[in-house]
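Here's the structure, in structure tokens; my notes come after.
Each chain gets a letter, A, B, C and D, in the order it is written, and its residues are counted from 1.
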Amino acid sequence: MENALFSYALRLGDDSLVLGQRLSEWCGHAPAVEVDLSLANIGLDLIGQAQLFLGYAGEVEGKGRSDDRLAFHRDVMAWTNCLMVEQPNGDFARTMARQFLFSTWQKALFDGLAASKDARLAEIAAKAVKEVTYHAELAGDWVIRLGDGTEESRRRMIDGLDWHWRFVEELFQADAVVETLVAEGVAVDPAGLRPGFDARVAAVLAEAGLPEMQLPRGVVGGRKGHHSEHLGHILAVMQHIPRTYPDAVW
Amino acid sequence: MENALFSYALRLGDDSLVLGQRLSEWCGHAPAVEVDLSLANIGLDLIGQAQLFLGYAGEVEGKGRSDDRLAFHRDVMAWTNCLMVEQPNGDFARTMARQFLFSTWQKALFDGLAASKDARLAEIAAKAVKEVTYHAELAGDWVIRLGDGTEESRRRMIDGLDWHWRFVEELFQADAVVETLVAEGVAVDPAGLRPGFDARVAAVLAEAGLPEMQLPRGVVGGRKGHHSEHLGHILAVMQHIPRTYPDAVW
Amino acid sequence: QELIDAFEARVAADAFIEPKDWMPDAYRRTLIRQISQHAHSEIVGMLPEGNWITRAPSLKRKTILLAKVQDEAGHGLYLYSAAETLGASREEMIDALHSGKAKYSTIFNYPTLTWADIGAIGWLVDGAAIMNQVPLQRTSYGPYARAMVRVCKEESFHQRQGYDALIVMSNGTDEQKAMVQDAIDRWWWPAIMMFGPPDDNSPNSAQSIRWRIKRETNDELRQKFIDATVPQVHLLGMKVPDPDLKWNEERGHYDYGALDWDEFYAVVRGEGPTAKERMEARRKAWDDGAWVREAADAHEARRRLKAAA
Amino acid sequence: QELIDAFEARVAADAFIEPKDWMPDAYRRTLIRQISQHAHSEIVGMLPEGNWITRAPSLKRKTILLAKVQDEAGHGLYLYSAAETLGASREEMIDALHSGKAKYSTIFNYPTLTWADIGAIGWLVDGAAIMNQVPLQRTSYGPYARAMVRVCKEESFHQRQGYDALIVMSNGTDEQKAMVQDAIDRWWWPAIMMFGPPDDNSPNSAQSIRWRIKRETNDELRQKFIDATVPQVHLLGMKVPDPDLKWNEERGHYDYGALDWDEFYAVVRGEGPTAKERMEARRKAWDDGAWVREAADAHEARRRLKAAA
């Protein structure tokens, strides 16, 4: 499998960058200034991770593409983030449902990745795992708070989980890239993360007094560039200035 | 005044294109299928006008820039549309308030421009004046319908007019470009359009049972490239594909 | 029973049934279901294409797409009107859509990912729709048949424009060619599933054909579409994503691979990739527009009152 | 009167007044007004910069800007907390902002049009803010003074980052240079008006200086800012948009042209170019977030009840 490591690092970077970009859309529009702070904080961590993963992907690829090049000069079909991170923010409950599911998965992933045989991936993951643990806790607290808040917040949180649940399956899918790297001890076997994820989600939903999630058919495709309609719009905004001034340095 | 004709044709094209782009955002999301049809229809007329004005501007400039080149490869400070057309759609009342004010002005302008000494401008305006007359009437009917509808629709229409009223002054401003071309009999003197505009607006507001508009300080700057924060976002979306594939033909 | 016999005889003689004519309840209900489902498909179908109007790659393509979507709104309007002649109200039909009781074409539950998808929808989706709809120009219910005449005419135009967009792209850059192939790969199977389940599993077909609400079976139409479309794929220099596809000299038709009916039924159940987006967008448009419709009604009532005074 | 004398003596001796200390009502009111206005400015000030986070031209610049805006949210938070120690509630202060009763810095009623504006805001707007705020680190009210220490430290950092962004751009392409000059042209005058009306027309200055709520006059601070900033403009290779600007050897200061106070007061009245956008965005954030705040309160109450049981 040629370039599996490049693909893998790219996915990790794309996940973090797209979600960081989504969170930064909240800036100045959150329900309270404390929440604005939290969302900016998580977004900042994620974009920081993206810089490291994409920077590493570019090195592995060896064609001289920098993190910025990968971020700002790839069109939609070359992006390999999971579908969950590109979902619209919706209301605060949808944003927090997404964050809870994603960060819970990402924490389990980075825990494992910190022991990767690839020293750089291990290093980036080890650095990020503290951040991600905090994200998962903060989002879990909000799931509980909103699930166990008012009628309205409970209804909204159920809707938020419902919107994102169909994208959970993709998080645990393995393809040739992952299988190759798992065999080499570089990547984490996603199937192995599922029990822990399910247990944590079940515990938080129970504490929130929320019903168990029904399993609908998973929607997948992000890893091979088949996204939802949302990613194109994200990229249009994010890439506008670098695409408009391809020769400029900022 | 070098290139006044280029600047003038560009402004006319930019006005139509930006508003056409805004209206096309409604597509599939209007309050009723009949309204979807009307909005698409107006948007289509406006984009058609933009093709003609921008195409002509490119010819006048003589640097080989086509309508598409002008539409998709200019950044925000080179756009010279008035600020009103770039305002967000908001709710349907804001959209219709904007359309009423803009089309009422545009109709008066094109009526005059149809007699321009510049044959091409005269021709484009003469063709468009029928379209624009219909836009102004349709929007005026909605101002009346919403102003004289329910409490809520009245409140929303007042808010819509209030949002856009500060951009009216700009429509009637003359600068060196306009003055030069007025002197040559090419452009229409905007000051001369004001009484008719005011009378028509007053008549519609009266029929709608809406209060007269207060004159706040006008907000201006669009003609020299000083826009609101909205235009950059419009362009990011509109230009994304041509900027991403600068060599492609579609 | 006399009424029924007379009705069946008229239909069998290919005469049109008109709104005021007597008709069996089942016929009325079946038509309302079919016409309103068709209307909903036009309206929901505006969304995947609407997704690209603001990002169309040239002004010309932008106007073509906007005009196409406008046509679809128009089709929705004729079709709702045709269903209204059978006694269904617009509000009821739309409520049925929003509650999930009424269906719309499964194809619109797939996302439009690149500009090539817009071409592919015009060519493949409108193409399949035309195959389905051409026979309906002679369907037994008059208002529906007349609506279909206009719809088919406009859709052939859309189909040509869609294919034209793909011709340009397949003569373009490598990236454009890749978009075209990817669009074909994604839209091919959903398009050929638009003809519905295979004949041996299509419960309402026999009666619908007797009533001239259908005129050909699902599999017949599907075969016709495939036979017409495969050469067009090749003309673009692209591949059909079906390893089992091959020309069968004996039958004079293309043989094709097995369709994934599990996928089809999952999407029918509402599990298509963009099903939630489509329903949310439609509900939001309708709910956000409630105050506008109320205001228009209130104004109209007041205007009439004044005119009467 | 004894209380007042003691209070005035402590303030005159540059001692800090703390929340539990006695203070004159007018002092308390003036401080609440000033601190909450300052807090509102931080929060509203997130909007023009937030406008560019999603479009920042590199990942590095994106993180720098996001961190800056995050700092501003933090400043807003300390300042609201400082005002709360004087007995104002958060809700009251925010209602006053949304009703237009409370003000925020006029500068945030101008739009950010290009990426250069982000640099210009960091450099000129944060720069002017620092000039205003450095003396406030020794203001008489303890919680306010301590908040200012942290705010000033972070804002100097922002100022350097903003100027750094403009250095890079002014060494860049012609388009980038044009953006920098245009940003300076647009932000210069609003920035130097941030120090408020001229001394002869600044009603509250004398008392505020006596109470150590201000420590220098508007015109003194403005002059200081201009003297410090003009050389920085030149270092970028750019021009100050003031034809009357020139170095006055005798005064040892720059002379500068007349400020357009009509513009200033129009913006104070709420007629700034983006005033409606700012207020609408803040109101919408607050109103849309009401259910979240209610839910958090309800959950907290339930949690406490459980913990107590």
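Here are some notes:
In this section, contacts are C-beta pairs under 8 Å (C-beta built on N, C-alpha and C of every residue); 3 or more make two chains touch, one makes a residue touch a chain.
Please read all numbers here as calculations on a predicted model, not as lab measurements.
Under the contact definition stated at the top, the chains bordering both subunit A and subunit D are B. When the C-beta contacts at A-C and at B-C are tallied, the pair with the greater total is B-C. Farthest chain from subunit C, judged by C-alpha centroids: D. Put simply, the C-alpha centre of subunit C and that of subunit D have 57 angstrom between them.
Here the CA centre of subunit B is 35 Å from the CA centre of subunit C.
Separating the centre of subunit A from that of subunit B, both taken as means of CA atoms, is a distance of 41 Å.
Of all residues in subunit A, those touching 2 or more other chains are 75, 232, 236-237, 240, 245, listed in ascending order.
Residue positions 55, 175 of subunit C are each in touch with at least two other chains. If you sketch which chains touch which, the pattern fits none of the simple shapes: not an open path, not a single ring, not a star, and not all-to-all.
Those chain pairs judged to touch are A-B, A-C, A-D, B-C, B-D. If you check the complex, the residues on subunit D that touch subunit A are 43, 46-47, 50, 53-63, 66-67, 69-70, 73-74, 76-77, 80, 115, 165, 168-169, 172-173, 175-176, 281, 284-286, 288-296, 298-300, 302.
For subunit B in complex with subunit A, the residues that touch the partner chain are 75, 232-233, 235-237, 239-240, 243-245. Contact residues on subunit B toward subunit D in their complex (touch as defined above): 75-77, 163, 166, 216-217, 219, 221, 226-229, 232, 236. Residue ranges on subunit B touching subunit C, taken from their complex, read 17, 21, 24-25, 27-37, 40-41, 43-44, 47-48, 50-51, 54, 67-68, 71-72, 91-92, 144-146, 148-150, 152-153, 156, 237-238, 240-242, 245, 247-250. Chain contact summary for the complex, subunit C toward subunit A: residues 48, 51, 55, 111-114, 175, 178-179, 182, 186, 266, 271, 273-274, 276-277.
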